[in-house]
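Order of writing sets the chain letters: A, B, C, D, E and F. Residues in each chain are counted from 1.
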């Protein structure tokens, strides 16, 4: 009969001190791989739209004509699919979480700078194969 | 006259002490669970907040019953600390609980109703033990008056060990501690939501909380009586008893009401019969 | 003075009874009942006023020719029972009445002439209390019965309207009850005792349905059995030459009176429906509610405990006395426990009556001065609160067509005044600072100091826990309000309501005045018997009154909480389900379900059948031991 | 004054989430994150709660439930949408049975992104909600309630 | 890694319940009932497993508007699948022991997987 | 004399982490009728296959359920790989096994905690969840997310775990073992727990099998049925015996799950020893055509992902039969005659994952 089998655990807890990670007094525990948020660097983007077409949640919208790239962070699941697929490596994940917001914020919006003339429209693969 | 002053002092100070005890309780519980736990004054924050909330109601009459609960529980405590008749204290305490139960009935809600029924079962389970505690005190000290029991020169605990065991067992239910927290428990996640207090919000709930504090102090007072001959021992003993209750709270699953009722009655019967029979056999000889 | 008053109280109801029998259903009859009721009540009060401080007074009434008349009536009763027993094929009843009549007749012819009786009537504080209960509550119930019975027959056209004989028996019964409490001559006592048995038998069988007839015979069997016990007591007195006067007999103490005391206590156990005889009282609930209120809760069953308490000084400290007390204590606990499983209000009240009488019996069996003090108070508080409850249930039943507690939810809206009065009655039954609790407290104290008191202390401790449960859940049911109900109270007759009001006022009044009652009636009585008396302590009385005052004032806070102007009304929590006014919710599989809330009955723990078997076994054992204890020494001697 | 800030009690409802956020909300109660440090209790009873934590998006059957819980909470109260599903419908936005974020049914005061939200984000979110709660309390007092 | 054999036997609707009963006698448990709308017809597949993990399937093909008999008389627990198929595909299953009457899943679009789903106008379609 | 009490239990209820609804019809507190209804978490994600590339759908499949998310992703991949007959590299299979077993560990610890909570045993709940965080840390370190890992893809896995890290995980679990043993002892031996769980919601072996119970519910009735025995992923190369109990009640279900903690640790340690070198994915070319039932053992029991494809990048039909869905019928049967206080316990004893069940 185990009348109070947990007594051992309880006493270990009492004498071992709390296991609590005292966030926010202490910083959150992070790992190199931690997928916090998606970061986009517009400089090298080739507007290939793979990120948009292969995004499982369709959080990314790329307009070739207007040369814009925008993401709804309140839709992004930070799966990193776009990061894996991006041929130009302009996307990566940071291990820092996004802050809460009081309102549904506007989407993160980027205008892609005009590339040097020789690169125009180059490197655009047929999406989605 | 002094007696009345004690009573009044209880009415004023008991919430402070009770709230503090509740805070320490939560803190110790958290430590047993490997957590940091809330600030010691958390119970006061909670009640303070409840009184800041909107005054909403489900049935207009609910506050009347809860006020009755609060007033009578304070009254019975005051009577106790004024040195009054222990039986009368117990009856007043029962009356106050009936007010709580009626308050829960009055809101006509599924979970409050089940809570009320369970609270009644709880009262039914504990009532014999509490009455027998006072009988034990009477047999040992010759008086029902708290003042005279407290003034009894010897260690009552040595005369009433069985009664104390039974009382300790029932105290778990009175303090709403696991395994006998069948009606309302301090933790969330119960199948009956929050039992009797399910429908109470804001200040109504705040009053219930304060009443719990009064009750805790009153129960501590009754525990004290067993050790009253030496205040120092009493302080240590009461603290140990309370700690033991917290420990039991953290080492058991919640029992079902059938088991709770049966086991409390059984323990009551065995422990008090074994203990009190001594007085009767002694009295006959 | 007293003689006339006593004769008035005994004979005047008889007169009214005859009038009721001859007058047709006409306002005149109703007025006769009302006026007689008021007069009887006034008579009882007048008795109190004139003789409350004069102690016990014996009143000499010549035995003849009253004795002759009584004997004729006893024979007539026997013949009637014999006839009915043959007609309804109840051999047991026939046998019992034959045995009983034989015993009594033998006593009458063999011994009665030789026994000298000086004072056939007497009055003391206890009989004043009983007379007040009979006079005031009894006549209130009779007045209530006027409109109740009219309503009753409107609701039950299938039942033959025999209101004439109904009121006839009711008033005969009142007369007999007065006779019981004023009789000093045990023969007289026995006569009146038999009359109440017959009255009860006839009233239970009022509707003449098969169930009613069977239950009436059940009651008759049990009471006749008790009657045989009583007759044996008389015979014993005849054989041993012990005094036939109650006063002398009790003075004689255990040496002289133990055997008759035990036999009469046995009769008392049957009359007050103690285990193992309690089944008849439950069966008696088929009778119209005023009958239940008058005979089966506030007065007739009290005759049983009255007898036991009268003999308490004899029983006190004896082993048979302890047995009587144990039967009472066991009954108290088990009947309370069985009450938990009842949802029929009248059955529950019946169980509660049995339980409370058990407590009184326990006190009587213990028989110490403290115990008797408590017992008398118990009788008082129980009588007022229980009659109020029975009558209220009767009124409610006529409006909602159910006597089931579960059907009484929302009564606080449907019939606020009646509900409030039931609330008063219920709180009067079990809550501090109301009466019953004070008496329980007193009996607890009495038990502690009694020999073997631990058993009684345990029974009362557990019993009061159980009591708490079944009363409180009924209380809760009344104020639970699932639907928005309309007020249907207007349909209740004013007369009914007024009686209920009067009884509620009595409950509260008795609670408020209880120190006074204790000081001026109970304590002098106890003092005169025992030379000692107990008191509750003045400070405790003050605290009690204070609590009562608080409870009475507390509803005023409703004025503050009542208006919800600055508040928001929230819906009932239904686990996220929308709360509709009619408490429906969308259930699984799209089925529309209605919330249904009911009390717990804990059938598995306090099942009637199971507990009854235990109770009967234990109490039969106790009763047999008790009887054996007096028979064996007698045989040996 | 303002005990409100020291004793936020939450009620959690799972709109139509995948459980990811739910278990993280629960994980916050447990020793490693222990939100009771801030006086937070998961009451599970709308009548007692100050903060309504919703995870997952709104689906057909959940609409009425969310609305009902919200209505039963006494003022001041704050709604916090935890996780991207609660914020916008998230990955299930296009499903036939999903209406979108919680703001389709009740006003949301705090949006916390993440799939699933992490315990640290939950703590941040509740701290954020406390500010809103205090504002609402102040406003309620101004209105004289 | 092993790849399981998954035989699928297409049978007549009429013999379904008998075949299921036979499967039960052979000691199979009902693993799942799946439905798919393929090429204008509904394929309802009943998957069974024996104690040695052998996995077999029975399939019936139902025309739109057709009905499937319930296998709940054989496998009591099949009601969950059959109610689901009814609610998602709009396929009538006759004689279910625990019939939710179309309230197993209350969906915004009635019978979303049906060949022609019965759409219901959404109460609120604002999308930001 | 008892009257029936009819109350709604759920969809929102503190003991239910997820919304389901029960109409409870009780006499006193004895349940005479309890029919569950679901649909509060139904999203309809199976239909999303028509809009998403079959390769990206794995992220949605993972979000069928946040608890057994990895195994859902993996089973989906198995299904597609089954249709396309893709040979998954052995290392990828081993990694999938490791993550599966980590998922099982965290899920079982989570469930044990919830079970403790349902019994009103708060400190046990806390202890279970405290230990669970070790597993979550391993998860986050190897995949980048605590709960929904996103590390499986069609044709393999997305991330490798170094052999050193694998051994570290195995050793960490070894260190955790004594604490887990203490935890198991509480669930299996503690008298207050046995009082609550013993003899509750009992199913016989025959009943469980014919009602289609899966996973620990089935194994608690004495049927050693574990889909891992079919040898998907790397299980055919690892050695294990399924935990089995015979009592068939809630206690047995708890005991099975508690025991499986150690099976999982053993499997991870074996995998860390045996894992071969090599690539972690194969390139996926073309689109699937055909149909396949992928079965695997989730913490809650057998899950089935059925895929039907017609050669385009969108699948025709994707159907998930989750263990909870299958366990609803056994649940309904085992609810008969229990008490109100047992309702959360019995409901939890099948480890309901409503998110899974409704998709």
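Throughout what follows, a contact is a pair of C-beta atoms (placed from the backbone, for glycine too) under 8 Å apart; a residue touches a chain by one contact, two chains touch by 3 or more.
Keep in mind it's a predicted model, so treat the numbers as computed, not measured.
Peer 1: Identify the chains adjacent to both chain B and chain E in the sense defined at the top.
Peer 2: Where chain B and chain E share a partner, that partner set is C, D, F.
Peer 1: Starting at chain B, find the fewest moves between touching chains needed to arrive at chain D.
Peer 2: Minimum step count, chain B to chain D: 1.
Peer 1: Based on CA centres, what chain would you say lies at the far end from chain D?
Peer 2: C
Peer 1: Hey, which chain ends up farthest from chain E, C-alpha centres compared?
Peer 2: The chain lying farthest from chain E is C.
Peer 1: Once you find the CA centre of chain A and the CA centre of chain E, what distance in Å lies between them?
Peer 2: 39
Peer 1: What is the distance in Å between the mean C-alpha positions of chain B and chain F?
Peer 2: Between these chains, centre-to-centre, one finds 43 Å.
Peer 1: For chain A and chain C, let me know how many angstrom lie between their CA-based centres, rounded off.
Peer 2: One centre to the other, that is 81 Å.
Peer 1: Centre to centre, by mean C-alpha position, how many angstrom separate chain A and chain D?
Peer 2: Centres of chain A and chain D (C-alpha means) sit 23 Å apart.
Peer 1: Touching at least two other chains at once: which residues of chain B meet that condition?
Peer 2: 30, 32-37, 54-56, 110-111, 113, 188-189, 193, 198-199, 201, 250-252, 258
Peer 1: I need the residues of chain C touching at least two other chains; which ones are they?
Peer 2: Those would be 566, 568, 570-571, 573-577, 588-589, 595, 597, 599-600, 602, 604.
Peer 1: Hunt down the residues of chain D that sit against at least two other chains at once, touch-wise.
Peer 2: 13, 30-32, 34, 37, 42-47, 59-61, 65, 68-69, 74-75, 88, 91, 94, 96-97, 115, 118, 145
Peer 1: Which pairs of chains touch each other in this structure?
Peer 2: Pairs flagged as touching, ordered by label: A-B, A-D, A-F, B-C, B-D, B-F, C-D, C-E, C-F, D-E, D-F, E-F.
Peer 1: Which of the residues in chain D end up touching chain B in this complex?
Peer 2: 1-4, 6-7, 9, 30-31, 34, 36-39, 41-45, 47-48, 50, 74-76, 137, 140, 145
Peer 1: Per the contact definition, I'd like the list of chain B residues that touch chain A in the complex.
Peer 2: Counting only chain B, the residues touching chain A are 30-37, 247, 250-252.
Peer 1: Taking the touch rule as given, give the residues of chain C at its contact with chain B in the complex, in rising order.
Peer 2: For chain C paired with chain B, touching residues are 431-433, 437, 441, 444-445, 448, 451-454, 457-458, 460-462, 464-466, 468-469, 472-473, 475-477, 479-482, 537, 539-540, 543-544, 547, 550-551, 554-555, 557-558, 561-564, 566-575, 595, 597, 599-600, 602, 604-605.
Peer 1: For chain C, which residues are in contact with chain F within the complex?
Peer 2: For this pair, the touching residues of chain C are 341-344, 406, 574-577, 585, 587-589, 591, 593-604.
Peer 1: Which positions of chain A touch chain F when the two form their complex?
Peer 2: For chain A paired with chain F, touching residues are 1-6, 8-10, 13, 19, 29, 31, 33-35, 53-56, 77-81, 84, 93, 128.
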